[in-house]
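Heads up, the next two complexes both have chain A, just with different partners, chain B and then chain C.
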Partner chain A sequence: MTATAISTTALTKRYGPHQALRELNLTVPTGEIFGLLGHNGAGKTTIVNLLTTLMEPSSGTAEINGHDITTAATAVRRSIGYLPENVQFYDNLTLAENLIFFARLSGVRSVGSRISEVLDFLDFSGHENQRMGTFSKGMRQRAGIAQAILHEPSVLFLDEPTSGLDPQGVAKLRETIISLNTKLGMTIFMNTHLLAEVTKTCTSIGILSSGTLIYQDSVDATLKSFPDQESLEDIYLHIEAGQRA
Partner chain B sequence: MNRWTAVIAHELLCTMRERLPQVLLAVFVGMVAASAFIGSSARASVTGVYSEAVRQGLTTVPNPFDSLSPLYYARNSVIYIVLIGALLAIVVGVYSTLRDRQARTMDLVLSRDVRPSFYLSAKLAGLGLFTALLLAVSAVISIACISVVAGRIISVDDGARLVGLYAVAWLFILPFLCLGMLAGLYATSVTSALLIPIVVWSVTIFILPLLGTAAHPVSLLNPVASPPAIQSGFFAVTSNLVNPLSLGEHFKHAGALILADPQATGTVTTSIWTILAFAIAACVAVIMTRRGRMRSALHD
Partner chain C sequence: MTEILTLARKEITDLRRNRFMVVLFAFLAVAVVLSVIVASADFRLKIADYQHYVDALKAAGSSATAPEPSLFPLQMLRGGIEYLEIIGSLFAVVLGYSMITKEKGRGTLALLFSRPLGRYAFIGGKILAVVLLWVSTVAALFLVITASLLVIGNAPLHGGDYVHLFFAAAHTAVYLIMWSLLAMSLASLIRRTGTGLVLALVLWLVVVLIIPQIGDTMDPDNQIPGGLFASLQVDKSHEQAVMAHFTGYETTRDLIEQTSVTKQYERATFAYLGIKNEYNQQPLSFIWAGTFNNTLWLLAALAASVSTAMLSGTKKIILRKVS
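Let's turn to the complex of A and B:
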């Protein structure tokens, strides 16, 4: 039986009268690279905010590695890594100074050696003493991944990780995400708009529309289930259109 | 290094790398040193004229500076703390919390095993340490300069009074530090985050004392607190209302008494308790800020 990394039961989030998430039931098995797709305002970031314990749900529950996000938030935080969209970091500090801060906040014991290990893994060594203010968008994203995995989390949340990256940056980040999954065994949950990337990176997908999960399956099964559609993008648009109809 | 000290070390590092606090820091320390230089040159000029008058037999009175306590030369430091020290504290506080919101690093912090109250209190401790170091440096400069001006090392008692002044100064600028942090947490734009606390500062330092004492505006730049208003009519009412809130006047009053200024009267206790109450209330307000507020986005 496959272990479950992420599970939600009737997870709901309301902002005043607006219902951002409606009774979401989602399961992500351990070891998956799960891509959450959806239009702007569909509720993708809300899900990530709830699962990373940054927000509390209005109703329903969710568990990360069996830990409830509300009643065992501390255990959840210890087992996850998170890279928000468009994170900037402390521009006046060097990469090493930024990572040292986040490593210490995460309770990492041998900070120096762990940072070297992570930067080597990400093929990002040599930039430690460079100020973050001089980094390109792609370098920032890699720094973001580095801070997210310093404490060796088992589940990694990435919110629009490829947003604003050039094609080389996207390819490099894809390699990194896949190696985090295959070499370190991390379960990865990512929100994305780039449907072509999902086919190349993710093992399973979910489609969110106006706060409701309307589809979930593996990428392979999805491609087989819609033989008349040419790409995942077509499948996504087809499912979304079906939902609206 | 645990999480608490990690945040403190991080706060010190970030603050020292920011440009505006660096400039204000230089101005503040420079003003403390300049006040000693002005005192020194005033003393040298007056003593020169006095010596010439004595040489020509025009006077037999003692040198007016001989009767002055060495602490007299430090009295202007009080006003520099009220003006530049408090502003520096506001700017440092604003940058501290605004930095996390601008760089969107708050989510990175709060998705770790770090409670909002823990993080904010550690940041506050870091900034408190920064301002304490700043005031300690100013105290050392002040003691050194006064010793040079007075031509002798100041006594232990005078040294203790100066240290006491800077200790109360730290307590005095703590509410402004917190005010800056709160503005950085609650403001919707960078501009308002910087402007709002400066408006509050100017009201506290200038407007409230004017309402309570009818003092001439320029007299508020005097290092000794304004005298109480006449005990009848409009100012008798407003004085009771605004006097507890006139934080700058309380500090000037306490500072003048600590420096044994002959113009200062009364006791230091009420002023210090008032400053302490403000400091505690401001720290509690910062620490109680909620997670959602800390994560809120800026509109610019």
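Let's turn to the complex of A and C:
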């Protein structure tokens, strides 16, 4: 495993005349929980779509565990897990059927035992035979994490993972994310709006503004660098305001 | 290949549990089977009437022989084939279209395409599911139809009839698969769900209803009730002599009809089932000689729809067309 989990070099994405991402240079070391912050439309989801190979960059390159997202997309997909915002499943299928389906597509060998292992790890056993259409938002989110880690990826992408969850759901998800990182050693890349959650969950952050990465450092270093600011939220607003000025 | 099978299996399980699709398929099956059952019951009555007539003659001590009625059991499938041709193709459009739009609408594409799938795995799985679904549905329908002919119609089917039924079933499966794949391609290529569906339905309307209707309207036999020549009491040989002066008209009518794949399907199937009189009770080689061009056009349409679905169902195109 390389020491760098994610790296991008001048990564750019254009939608017609609109530049969603401008020459992004970003490095996320292996073992980090990296939180990407930014206003709506800053380009956070575009980065995740590029890094998960759902989109191709207009220019620039990016690597996941040393695999180029354009020239070695299959290798990238083997080493990543992805939880989209508002994850959806096949509602007519049960949780077990959904997970078997995604496990097979990911090339998992001992599907049955791996699903049990993952559900036990997520403390989510007992719902296997329930149809996904009956699941609550929180349950879907946990099922979403289950499908994302079935094939034991080394990098996990979470797009607004706490979106729509109640406070208990948020706390439960936070615990899960931290244990995925500490117990399974996964590097986690998450987009989020909840700055309080970033302080509790992430080890490093990046701030994206209008497609440009304007800040990147560890959470501890960030808090120390802005002693005048009371919280990460204040720091974020301060940095964003500085960028606009 | 494993991933294609996995995708196809998921698709079929999902469809089996989809109430709307189950209702559509049940409706189609009921319509087709009912039409054959009604025709079979009628067939049985005609045979019974004939038998009563013969028995009555015998009882009266008559030595007269009553000519057997010209009844051909496979011709009873006409209504069923027309249902499959029109309603079946409409359901095939709905099925193919929904298989792609549901993935787009519920946002499962991101989960699929962030996995190490081959370029054509996603659409390959969908195509395989459509093929398996229609082949099994058509096979089941034709088995029930055959049973209805035998049991309800008391129809004397021979070895050759089963072969003719098989060919009609094969043409039907090809025709329905073609429609589903065509709709699937449109769903992949068009961003807006509503626009794509309207386009698919317009295409269905033109190919299934309008073009064949134009051809039928131009047919002298359909211009007045009972047929133009029959109402003028002109026999077949004179009719042919008259029509020989209108070859341009007939060629135009034929060309218009040939642009519709539905008409190609109908011509071939009606020939194999003997619904078209000139092919009734004829050997397979004779029917093939007269209709191979219809079969080839149908296969060409299938090949085109498979290719279009494959090319339009790649990750790059589908994700670009998600609204």
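Going forward, the second predicted complex is superposed on the first by the 243 of 245 C-alpha atoms of A that agree within 3 Å, B and C clash if a C-alpha of one lies under 4 Å from a C-alpha of the other, contacts with A are read in each partner's own complex, and residues count from 1 in each chain.
By our rule, a contact is a pair of C-beta atoms (placed from the backbone, for glycine too) under 8 Å apart; a residue touches a chain by one contact, two chains touch by 3 or more.
All values derive from a computational prediction rather than experimental measurement.
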Problem set entry | chain B versus chain C as contact partner of A:Leu184, first or second or both or neither | neither
Exercise. Given the touch rule stated above, what does A:Phe102 touch, chain B (first), chain C (second), both, or neither?
Worked result: both
Problem set entry | chain B versus chain C as contact partner of A:Leu54, first or second or both or neither | both
For this session: State whether A:Ala10 touches chain B only (first), chain C only (second), both chains, or neither.
Result: neither
For this session: Once the two structures are superposed, pull the chain A residues common to the chain B and chain C interfaces.
Result: 52-55, 74, 77-78, 80, 82, 84, 86-93, 97, 101-102, 104-107, 147
Exercise. In their complex, what parts of chain A are in touch with chain C?
Worked result: 52-56, 74, 77-78, 80, 82, 84, 86-93, 97, 101-102, 104-107, 147
For this session: Quick one: which bits of chain C touch chain A in the complex? Just the residue numbers, please.
Result: 2-3, 6-7, 10, 13-14, 17-18, 106-108, 110-117, 315-316, 319
Seminar exercise, completed: Note: in the complex, chain B contacts chain A through residues 1-3, 6-7, 10, 13-14, 17-18, 99, 102-105, 107-114, 291-292, 295
Exercise. If you look only at chain A, which of its residues touch chain B in the complex?
Worked result: 52-55, 74, 77-78, 80, 82, 84, 86-93, 97, 101-102, 104-107, 147, 151
